[in-house]
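What follows is chain A paired twice: with chain B in the first complex and chain C in the second.
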Partner chain A sequence: MSDGSGNRGGLLAVVLMAATIVFVVIGTMWPTKAALAYTGGQGFASFSSTPQAAVRNLGDEIRVEAWQKAYDGLANKAQFTEQEFEHDLKGYYPSLRTYATLDHFEVFPLHATDNDAEVRLKLYWSSVVGIMESTRDLHVVRSGDQWKAEWPLEKKPVVPPQVIPVNYLRWDVIYRGAGDDWGAQDVDAPHVRIVDMRPVQRAEGVVVLGELLNEDVVPAFVSVNATLIGKNQKAIASEGSFDKISHLLLPKQVTPFLINFPNASLADVSSVRMTPFSTLVPASADPVIEIDNEKLNPAPDASLTGQVIDQSGQVVNVAHVLGTFYDSTGHLVWVADEYLDHALLPQTPEPFNIHIPEDLARQISSERTIVSTYSSGGAA
Partner chain B sequence: MQKTELLERSQRPLPMSLLLMAAVAVHLPLLLMKLPLKSYDTNLHIFFASHYLHHWWDPWNPKWYAGFSQTTYPPLPQQWIAVVSHLMGLEMAYMAVQMAAILLLVVGVYRFAKLWVSPRAASFAALACVFLGAESFLVYSAGQLGTTAAAPLYLNALPFLYEWVRRGSGRSFIKAVALFTAAAAAHHATLLFGSFFFALPVLALAYFDREDDSERVAAGAFIARTVTIVVVVSAAIAVVLLPFWIALIHYPVTQTPIPHPSRANYILSPQWGMNYFVVPYGALILALPFIFWRGSSVARLRPLLLGFWVAFLLGLGGTTPVGPILLGRAFNVLTMERFSYWASLLALPIVGALAMELCARFRMRAAVALSILAAFTCALAAGWTTYHPPDAENVDVGPVAAWLNRDGHDQYRYVTLGFGNKIARLARLTDASSVDGEWNSGRMLPELMRYGGGALTSSKGFHEAGLDALRAMLMHADHYGLKWVFVRDQYYDPLLAFAGWRPVDHLNDGTITVWSKDGVPPAQPLNAPQMPPHWQGVMWGICPFGSSIVAILVLLIPEKRRRAAEERYPVMRDGELGLGRMVS
Partner chain C sequence: MRGGWAILLGSVAGIAAQPVMAQSGEMSVPATVAAGSAFSIETTGSGQGTLYIAGLGQVIRKDVELGKTAWFAAGSLYNAGRYVVILAANGNSETGTLDTGALDVVPQNNPADLSFLAKPSRLPIGLHDGITGAVYVFDAYKNLITAPTPVAFALSGPSGASQTRTVTTKDGAAWTAMDSTAKQGTDKFQARDGEIASTRVIGQVPGDPCGLTMIAKADGDKVSLATDPVRDCSGNAVPDGTIVTFTETYGNAQSTVDVPLKRDIASVEMPAHNGATISVASGVILGNQIRWGK
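Presenting the complex of A and B:
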């Protein structure tokens, strides 16, 4: 080792260790996409040197659910507690939002001066039923060389103490016994009928729209399958209504349905075979959901807006609003839906906004809205 | 005279029997407690083995993904489990195979380390491998049987490679080919990356050593021997794993990459730094400066150091940009903890030398300190599965399997939600088929490949990608005969409720709800093009397992005693450090 190889070895050791440190510094200062996925998009240092950067940092912190860090960075944190801040984002009662995670967000500057700014934060929540969007306009103020966002807290709705008389219909089913656990029933399935059906061509493929009526005097759990039949009388594709339908139909109730056939072409279809399913299930008319202030908004941004009000005394964790749209002759034009990401509290209005495709908006002259609900421990 | 004897004894390697006893003493109790069952992948390997147990000649497994080919994963350890299970059942057979792999590792590390350092230092390295954090982490937390079974085979093959290239020993050639082939039959990634991290340094060493003693090797002979063994091993592996290559070529892994925390930046995400750096390396972290210094100072250790360094950098996952640069797309497919394992193995010869030198200089004080550090490293890695469990809770899947197996429920397919890695155990216990699974490289259903989520049962953990895949699968329930969803996480209830599923039963004291969909036709076998033809099934049943039998048989061929001098160990004077072969 006295021939100089020791010195060369020492140099090699220094070079390798230095290179290792350099690689680590590079990887930390400019993390890879895979690494960022585990930091909520945040790098080693996140400076809030602009209003947008401040809001972006806040969004990153919300994404990784670093509530304390997000709360500590707010300019108006003295006005509410960290818990209130978290509940404001995730909901005060169990709902879709409670278990959702922030998938991504967008930041739009609205207005800025030297000392304050208005910034729009669009949050895209990943929930079990799909992406849900919410928007907050934040006032951002300069604090030294940093910017801090003021969080526009929406106060927790307070329901006054009251007694709500409950008087609703309910249907129970007596099964044969404990062994009848998966639907081998003695009774006929409830009579249901497709009262309207229409295939339409959309950019994403063929869409089959329709309405299903429960003609029976008992409740029915329903679903609809559609099979596209080609010109050669062979099946092209078969799909189901999935969640674009209200699966629980009380007697004489009607539900719209929509079935997607992605990448299919109506030109290839000679007929559509519809297969409705129904099963007798226990059901109740409670909770009663009232729909109020419905309004069809014309294009651009065509939509159906309104409010749903839980008339019962129990909290509804998830509400699914289904809109059926008709033209002036009463023909079915479109079916659209929206999940409400906040729980419905008794007697408390909750707004909904169902998007309508621009190209169809002009044809629509009337609509019908129904709401299906889910409460923890129950079915929709 | 007595002093000379004492000195001679102090230069001898630790007896192999002692090293193996240490491995047994440390790992056998943990394996008898079936600790690996709590790991990520152990149940997957047992599930694969279960299929081989019942269908040795048919690698098409209909229980996951509505059918998938097990030729997508080298089968050797799992086939051994299947064979041994005839004696002790699948779970204990797994433990037995894992124990055998650990014992082989001790032998392999000793033989590999002896290429680089003195026999005594090599024996210290072999003792260190018993307590290696990365080994315990892979065995008890990751459950990577393939990696931990292939590495010892590979390490045992390397000295034969050296002997062949260096001295042209025909017996070594045969043994190297047999062991390399068996290693490939155990784990393909070890073969691929082992060639770079392990074999290239050994070849470089053989090249540097070619003029060392009386047996000089011409450069031409060196190259010819290297090319010969590469060609023969490649051909052997191509034949033994032919169905695997066919599956890989026809159906390459093109699905959207699935996130894995081993690709995180361990500084920005310190919890993953703890999991994938501190726990696997343990006290080895303290030796890093010495590894770099000694590996650089001694010329013939430099190839080993470079192999270690690259593996070390890759093992850091997303902490450095090296992984994405060197591996490209593979960075998003591979998990990085195996690189830390390989880096640890590559460091062991130098660590063995360090331990030997410390013991020579500081005697009992060094021995005590090293023992404490080794015990702590091993204990932390083995116990990590308790502090950082792969699954939140231990799910009893027995009632679910019993439910599926009765009243014709298994005519339909099922999926679980919130069961974690217990789905492999459930699949083993039930006759029913699922559309889900844990072997992501084997899945071919478009609903699962498109979005970048892992197993459906853990959809929530993969956020939008996982939930998109789940929704896509539920939409096509009729197509796959998917009638049952077993839910032990109420998070999923709203989706099922609004998508037309109804709760029809409760299991495990109401903690698991069975959801059903009406109108679903009974499941039909998928006529998938990935289904291997019968001849591939026969090959799969004979060649990989046969390669291990051949390896065992050729190892029985006695080695030539090259020189009696090699059996003696150099005697050192008092106070002299045991640098042995490390002196350049």
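Presenting the complex of A and C:
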């Protein structure tokens, strides 16, 4: 005896399967432009009827990493190879940019005539440390009924062949063995000290700023935790400095740190418990990084700008610039940072620009900048 | 593990709780036995019996002939502590506890091992009571020797001078504190009890730089900066790798370099700006200041 539900279920399955096949066929035969672009095929506005459209097409092709298509569409492609074009965008050496993808971009017309135009392309790269911006001003020329962009290739910096003597200074560590007696001696963790600390109320919450000194004679891997204690002497929240610190401190080196407590209010806090952590790690004293031409630029767009120069002979893949800002009495006002998305080549200046909050910029009268570096294939 | 011991001791207690049958026997148990020593238990009565010795860490079962002495070889009992001794009958048809007793296994008097905890492994020079050492004295079977025993501590510095203290252990432990000397180097910190000694290495490291001074020389469009050999206030060379920060301020701009000491000296080249002020620092210690040009 059958109630008919089995037949209805089978019919539904057949209908769903048929509908799926129909949609797959439609999607394959007539894909949306966005989907097509992500597959690397022809997509978006392939016809560049305006200078902005030409740059927008170029941006789309960069976003999907269709390097050949992007290169082929350039007006000045004879001046460089496709590989140089790709390296110009992704870096000649492994760096944060190498592993970043273009999240989105903006196009701003600057100037236009009947036959050429200037268009600004602002690229927003999605990297492991967040969004990174880069800007290129493109010259766009008319070619028949289309417009083509000229790519302003930044030539790979060439370091003159030379021998840079490096008197390598390295610390290696031998820890106690796993089978040693419980009373066996081990090497102590480095002695570190918080030399300055200040909680600040910001719109987004409480921020704990400070400076940490490695007062030992050995390198230290450091981090700082802070716990906000409420008026009832109970912990409100506990957070760490994460990457707002230079984790590797050589002897007598000082790093700033910044710890965010989102949505916390300083009015609720009676004290802050600070906990610095340090671990003895193998490390190298090289490379030495010079920070040149540091300038505090006033509001609007308050910033700390300058250049970092790798004085050693090795390539630095990731450089993290940390700025510590003080008022006229030497009190800590703010800590800010910027990752450089390009590798640092030996003896080659690389600019940095650290944003400073507008409301704090007026209080700042001096600063101190440090750079922490990471090189692939070795502790830096 | 504790549960296992509880079951075991429960079983032994269960044997003890069984009613005594017609067979009789007693035993004479020594009050104390030195760990690892041979010992004996005398029994009375006749027939066959079983001796159970149970404590934390060890259990022994031995068939005995009642009325004779049961011998236990050296090394039979070696974990210090209290042991329960039970003599049980094991005739063909009769079982039960004949006698119970207890013995204490005590550590040997001869130290065989020292656990020496010395802290820290590294410290600045000139610290009063900065070095601490604690010793736990053990016998050959790793039993803590709780009887008072003198432990001699000796800290010999790089200059050869040494500090010594003799401390008598209390409940198996002795501790002391020593001063770090004014000279950097490696100290040997030794604890000795009789023939047994244990040595630790303590690094005495220089203090903060003292009288940090740099000199500047023109080098084309650069200024070449180098510190004098960097030393602490006791004249010890500050270790290589210590960071020295050079800061050049000119107009409203600034240049900074963190340079590690190499062979006692930090040196760097910086852009030469007429009228620039150049300063040097290491950690929280400030050095001299130079006005360049003008």
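Convention: the second predicted complex is superposed on the first by the 321 of 380 C-alpha atoms of A that agree within 3 Å, B and C clash if a C-alpha of one lies under 4 Å from a C-alpha of the other, contacts with A are read in each partner's own complex, and residues count from 1 in each chain.
In this text, contacts are C-beta pairs under 8 Å (C-beta built on N, C-alpha and C of every residue); 3 or more make two chains touch, one makes a residue touch a chain.
In this text the structure is predicted, and so the values were computed from the model without any measurement.
Colleague: Just chain B (first), just chain C (second), both, or neither: which does A:299 touch?
Modeller: In the superposed model, A:299 contacts neither chain B nor chain C.
Colleague: Chain B or chain C: which reaches more residues on chain A?
Modeller: If we count touched residues of chain A for both partners, the winner is B.
Colleague: Contacts for A:110 in the overlay, against chain B (first) and chain C (second): which applies, first, second, both or neither?
Modeller: A:110: touches no partner chain.
Colleague: Check whether A:241 is in contact with chain B, with chain C, with both or with neither, and answer first, second, both or neither.
Modeller: In the superposition, A:241 contacts chain B only.
Colleague: Who does A:12 touch here: chain B (first), chain C (second), both, or neither?
Modeller: A:12: touches chain B, not chain C.
Colleague: Once chain A of both complexes is superposed, is A:317 in touch with chain B (first), chain C (second), both, or neither?
Modeller: A:317: touches chain B, not chain C.
Colleague: If I apply the document's touch criterion, which positions on chain A are contacted by chain B in one structure and by chain C in the other?
Modeller: Residues 181-183, which sit in both footprints.
Colleague: Applying the document's contact rule, which stretches of chain B touch chain A when the two form their complex?
Modeller: Its residues touching chain A are 259, 261, 263-265, 267-269, 272, 289, 292-293, 295-299, 302, 305, 309, 312-313, 316-324, 331-332, 407, 409, 460, 463-464, 467, 471, 474-475, 477-479, 490-495, 497-500, 502-505, 514, 516-519, 583-584.
Colleague: Show which residues of chain A lie in contact with chain C when the two form their complex.
Modeller: The touching residues are 167, 169, 171, 181-183, 185-188, 195, 213-219, 250-254, 285-286, 288-296, 306, 311, 367-370.
Colleague: Contact residues on chain C for chain A in the complex?
Modeller: Residues in contact with chain A: 114-122, 136, 198, 200-201, 205-206, 208-209, 238-244, 247, 252-260, 262-263, 268, 270-271, 282-285.
Colleague: Provide the residue numbers of chain A that touch chain B in the complex, in ascending order.
Modeller: 1, 5-6, 9-13, 16-17, 20, 23-24, 26-28, 30-32, 34-39, 42-44, 96, 99, 101, 103, 126-131, 179, 181-183, 221, 223, 225, 238-243, 245, 247, 275, 277, 279, 281, 317-318, 320, 339, 372, 374, 376-380
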